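In this document, chain identifiers A, B, C and D correspond to the written order of the chains, with residue numbering beginning at 1 in each.
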């Protein structure tokens, strides 16, 4: 199974709904497939343009390494040079903080990742999780 | 005025509707703002992952230089080194063929660009134009 | 379905067997998954080290754009600046000549690509095709 | 002497056998020659795609500097800026942690390196060592 565009749209809409309900700042949200390629992206009115790159970087590291943002952050705190160098090896495209959330099916298989940026990292991650679960999939935050 | 997320969504949906009506191959479509930054992107199921980069490159050159894809292509045919060097100066992110369509308001001001990739360049441009016009804006193809 | 490591190994071995039977020069062969990521690579003794980058580039463009090497080459002959710019958009990683062969399942779905380099482009493509077919899959050359 | 493809295959297979026996997560393993160029790479089913870049980075730093992953890590702990700058000079391709293992012949000459990624760094290094020794060569871990 792979993430359909229909499901990717649901994830983004529901992430934004969650954010509006919680009075978060304007967000950007991206859905990547299993190979780290973009299926869908949206930036809410008022979100700064660089939020694309941050949201993308959060999701990209998560799906390429199989480590969600929280795990990448823990590793960066413990061993900064490892994350710095992994980032170099992946073309400088990682952003290792919460808000990069892995998407799994009911058997635990990784289908892709959602990346959210715009509010605090923890709020970003909560919005991503809400979107993934609204699409009937499992979030590893 | 700038392109709202709501309008960007309309452009993409209507571009895809146009493509389905014309039995085109699966498409990818991006909407860039007037600074060349992504507002929204969607890739239809079955479109290859690299279609993001191609659709983006078409729209990026169009909005950054104020030349739609057809004009960039004409210039590339007449003066290949100019387009090659402009592309270098723009970080290698141009794709100078039809399918990069400029979005203007009713007074002619450039608001952004739509890039489409997946079918022939001319069909890609037609789908982008249909989307822009469905959102009540003017397309320079 | 995705290409298993077991099947990727078969493709490479059978490509090399085909090449030895046809007295080709030493080859390098790579198998990429549906997202353009490496599953397996081998370089025969005597093949130059840069054959990795060439084999990879052939397969990468094929799977990212859904165009096998022969179609990329035809496009490059007809419209050189398009392929030059598509290559820029894809990070300079395309090599648009035969030897980048798309792998499809029995329903026509793209599962990945095989890239071969070391002999003439046409021989490279023939070896890739032999490997893909020996693994029970369909080659688009 | 250089590492033959036959021996590179043995190293990878035996590294994977060691990992399966120790119930490690799915691994990626690469064998580089003495110039830092890839001879062979395999990614086990279930290993994330970015494991190629990490495995490669571990082996690349090891063979280019003649320092195995453990020595690179010690240096990064003691003198982070040295490793950061060495990495810059090497094109951002180092990953300075265990799992990058130098391959030597019986006289101590460096023939190449093996890089493994997927489980803990120490387990990755143990799998690489097992593969190298199964091929009759000496591992500097």
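Rule of thumb we're sticking to: a contact is a pair of C-beta atoms (placed from the backbone, for glycine too) under 8 Å apart; a residue touches a chain by one contact, two chains touch by 3 or more.
Please read all numbers here as calculations on a predicted model, not as lab measurements.
The rotation relating chain B to chain C, fitted on Cα atoms, comes to 85°, given as a multiple of 5. Centre-to-centre separation of chain B and chain C, using mean CA positions: 30 Å. A separation of 31 Å divides the Cα centre of chain A from that of chain C. Mean C-alpha positions place chain B and chain D at a centre distance of 44 Å. Averaging Cα coordinates per chain places chain C and chain D 26 Å apart. Residue positions of chain D touching 2 or more other chains, listed in rising order: 49. Chain pairs recorded as touching, per the definition above, are A-B, A-C, A-D, B-C, C-D. On the chain D side of its complex with chain A, the touching residues are 48-51, 53-54, 56-57, 76, 80, 83-84, 87, 92-97.
Those residues of chain D lying in contact with chain C across their complex are 4-5, 8-9, 33, 35, 37-45, 49, 52.
Remark: chain A residues 35-36, 61, 63-66, 79-82, 84-86, 88-90, 92, 110 touch chain D in the complex. Interface residues of chain C, counted against chain A in their complex, comprise 33-37, 91.
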